[in-house]
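Alright, structures below, take your time with them.
Heads up, the next two complexes both have chain A, just with different partners, chain B and then chain C.
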Partner chain A sequence: MSRLQKIPVVEEKKGNPLARVFDDLVRFCRSRSLFILHYCTGCGAIELPPAMTSRFDMERLGIQPMVSPRQADILLITGYVSIKTLKRVILTYEQMGSPKYVVGICSCTVNGGMYWQSYATAKKLDEYMPVDLYIAGCMPRPEAVISGLQKLMDRINSGEADSWQDYYRNYDYYLGNQQKLFGEDWQTPTDIITEAKHYELMGEGTLGQHTRLLEQHQKPLEALEMRLGHNIKEPVE
Partner chain B sequence: MRPENYEAQRQPPSNEYELNFGPNHPGIEGNYALKVKLHGDIVLEAKADGGYLHRGFEKLMEQRLWIQNIALVPRICVPDPSPMELCYSMAVEELCGLKVPQRAQWLRVMQLELSRIAAHLFTFGGHAATTGMYSTMYWGVADRDLLLDLFEEFTGGRVYSIYNIPGGVRRELPEGFLQRLTETLDYIESRLPDYDNLFFKNQVFVKRAKGTGVMSREQALEWGVTGPNLRATGLAFDVRRDDPYLVYDQLAFDIPVEESGDAWARTLVRRQELMESIRILRQVVEILPDIHGPIRAPIPNPLAWNVPAGETYTRVESSKGELCYYVVSNGGPKPYRVHVRGPSSMHAVQVLEKMSVGSRIEDIAQTMFSLDACPPEVDR
Partner chain C sequence: MAPIELLIELTLMPLIAFIVGMMMVLMMRRIAARIQRRIGPPFFQPLYDIIKLHGKRTQVSHGLIHDIGIVMAMGGYIAAETLLPVPGMNGIAEKGGLITLLYLMMIPSLGLALGVGQCANPNGSIGIARALTAMLAYDIPLVIVIFGVAYAAGTTNLVEIIATQQAGGFATWGVVEMPLLAIAGLIAMHASLGKQPFEIYIAPAEIATGPMVEMSGKYLGGLFVMQCFQLYTTSVLYVSLFLGGGTTWFDFLIKSFLVLAIPVSIAYLFPRYRTEDLLRLMWKWPVMLGLIGLAFVM
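Right, the complex of A and B next:
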């Protein structure tokens, strides 16, 4: 609860009305062309091929799969996330360019689902990254997936789907949960704090005790040397 | 980026480099990874890196009641879940000495064969996609959906049917179901020539698959390969025929065999198995109306069910290979130990590692799909 109260309320800017129209247009276009990075983290992934191919055909809504996180808009988490996978999911999420949206498919991402007592899975996805939308069910049918994504489109269009900003504003909270799972010296290659400064999204929860640990465990930067090899040996057959 | 955290380890200069193939990669099946060492695009070494889908099934099953585990087991292999339920149920029945009524046995055969067709169609789609033929994938997935509709009708679930319980099956068939089953089978059979022209006889596929991922019969036996992958090396071994369970000994079907042991042979074996499964299902449709009787043997109160102490080992033929359960009971309300011997843990780890060596990097995905490995079952 305390985290929710900390989210600052952005007041409507009294700027140029033309700019507001332009913003609306951008949001509309954004919601009509979505690329999903679907990371098959669990069994829910098996309902994605039917949803994408001829029968249910997500492409008619302007939603297409994309293979690289840098170009994707939606991160689709399809099912339970084991701890080994969660590391990769977080790395993938941080590499995606903003604005980005996270959709959790399957009950397992909501509360652990079937595997509530398993030692190997992370139970609640929204402790580790902000989630825009959950599609519950074990497993949700393709129709449910599509209607969920339609809801996400509406939310993007109306500007409500902005939970990616939450990751910058409350980075300390998310990092703390990640450190609890992966150990104190957990590091990711993306510098979230600098990004937050760049986007002007520094909140009260961006810095804290956990980000201090992050700095403490950073390794000092060494100069890299690079050589062009002329006398490189061929591999031994 | 903070390069200081991800600094590459200093290596002596060489022409070799390492790549991570997966886990989030369009060419890999599921959430699975390989670490490959390359020279140019030739693979020098491959190391399987699983565990992304590990949920600790065998431990979870020790903590749940015998009947609760039925809901858990299909999740072990997602594309082909039905043999999982069946094999577990058979193990419990053997421990309790339950006799399964005839009608239930026929219904189980029907479910298994439907599941086999669905799994094969899905594999063809994935395999075709790795060679760049996406239309086969679209067709395969769309046709598989017709089978999922049938599943939904008679079991209530599209993918996870949870139709078996120890002692029998849960529901009677809905009215007119066999008619609809026949129609779907006719449709799928009529589609097969199209698939042949699009995929199986397509030179793009034939040229790439022939000679890729070859294993000899001796190697296959040594590595513990089972199922269609073993039959593609010329050995006609099928649990359905050689150690019959359910009513497979009353059914007529052939065991398709190919000799060359490469990706092409493995795919052709599956293509012929599709026909055999359709043939089995047609026999089931004919015989099932004449078999009456209960669909379930009486079982004690499932919430306070103490299975007699003992241990058992059951095996069935799933679409990926031989699937076995080793179940130990100490007379309590929960299993003492359950071990799953899945076919994919051999295919995706040791076989794939050895087969990738010497091949080109773009053929790894094809080799993996032609082995029909199922990552959730590797990791369990």
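Right, the complex of A and C next:
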């Protein structure tokens, strides 16, 4: 009986075999080419330069740093996020192109770490955005960071790392937690609900009481006015 | 030539350029890694990057001009490849000539300027302003060099220029006959690649990769493809002008990779100039060398 239980259940693959091969290829390439956006919030950032440069060299795994959220695949949160920072982290996360992954480095992102009693930090990162991987430690060494990223690569390759879909499926939950911190009129420039419809990722948790609250407060977005420096109003003395 | 044959050549030449270009990107990244005492990316890394970028779910387009800009950026180089003779294939090089090639090589920058303009990102606008300034800087020595070579050869036909050099052997190679022009050309080529110390428009630490800042998914992927073509075009043009082209694929590839290795290995040793410094440097040294070289040729 015990041996019978161990027999793996293989899901029967359906669809066009050529498309399946193609999907596998894209997944493999996704896992072998990861552009990271390191949002260096806390002290954990100090372990990233050695992980990237000659001592540990992340580029041999195909991981390289990028500078703008549009280009990146991984959002790397390295340490405690204060409430002010968290707003920016969420804006950054929503601008990244999916599939996107969030990696929380340091214990502070897991449960607040030594900032547990602080009134100014957000404790658990995964209440505000879906996190694919935590690397615990105060702070984790570069080896740990790299082995964590390798684990993420395996999960991407096998198709398990799809928590970016969770943000669309359970948007109400994440928005609720965000509203709790930032107030009821919290609004980001990205329209997540329309995006969820576009990707056909509407889940049961996409809409709810918090998104209704958002609709009440939502202001239409306007493009920023383009101005040259000398047009900016001087402060009145 | 039969039209079918020509069609095959016109398809094959950009395709080969793309594959060789990807290997050049790999070489560039490996050299950078070795200089920094790292191991560097695996062999297929450029391909992984390009496939991944094209396979992303989110593709943010900022409008029609944005799309067209990327197509222009790639298309300009793809058209340029058909004018660059490679061993065994001339494409339409005989009919095009050097001047058309020079024009086609400017199209990508202009396309990029259009595309980035629609993104309305200030970093992108600064980047593209710098890129066009840089083009102004390196195009003057480049034009002097190309004029010099064409004047010495008495033709703007790239096929003939290569044939003369190959017929005369090493002593008639451009680099032996016109060493000053060759040096000026190398500097201009380095600047046109946009690598350090002339990396004024990418500048990740300052303007967040400039033109690329709003690009995601297949748009960034298109720019990655463009980079492959750019490396290939510049080095093959230099090989054709000064190193006698290639009689076989073997020496052709060796020459073009070696030529590219020079600016790339210099690049990762230096920080970056400011825009005005680049302009001053470009208009002084390569132009001076080029003009003296031109005087010798005339």
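Just so it is clear, the second predicted complex is superposed on the first by the 206 of 237 C-alpha atoms of A that agree within 3 Å, B and C clash if a C-alpha of one lies under 4 Å from a C-alpha of the other, contacts with A are read in each partner's own complex, and residues count from 1 in each chain.
Operating definition for what follows: a residue touches a chain if its C-beta (ideal position, glycine included) is under 8 Å from a C-beta of that chain, and two chains touch if they have at least 3 such contacts.
In this text, all values refer to a predicted model and were calculated from it rather than measured experimentally.
Contacts of A:54 after superposition: both chain B and chain C are touched.
Which of chain B and chain C touches more residues of chain A: that partner is B. Residue contacts after overlaying the shared chain place A:99 against chain C, while chain B stays out of touching range. Applying the stated contact rule after C-alpha superposition, one finds that A:215 touches neither chain B nor chain C. In the superposition on chain A, A:199 makes contact with chain C only, not with chain B. With both structures placed on the common chain, the touch criterion links A:117 to chain B but leaves chain C unconnected.
By the touch criterion defined above, A:67 lies against chain B and chain C together after alignment on the C-alpha atoms of chain A.
Within the superposed three-chain model, A:30 lies in touch with chain C and out of touch with chain B [touch as defined at top].
Shared contact residues of chain A, touching chain B in one structure and chain C in the other: 53-54, 67. Within the complex formed with chain C, the residues of chain A that make contact are 25-26, 28-30, 32-33, 53-54, 57, 59-60, 62, 66-68, 70-71, 73, 96-99, 199, 223, 226.
Interface residues of chain A, counted against chain B in their complex, comprise 37, 39-43, 45-47, 49-50, 53-55, 67, 69, 80, 82, 84-85, 88, 92, 114-115, 117-121, 138-139, 141, 187-191, 218-222, 224, 227, 229, 232-235. By the touch rule above, chain B contacts chain A in their complex via residues 1-7, 13-16, 23-26, 30-31, 39, 44, 51-56, 59-60, 63, 71-72, 75, 78-79, 122, 125, 137-139, 141-142, 144-145, 148, 158-160, 376, 379. Residue ranges of chain C in contact with chain A, taken from their complex: 29, 33, 36-42, 44-45, 47-49, 51-52, 55-60, 120, 204-205, 208-209, 212-217, 220.
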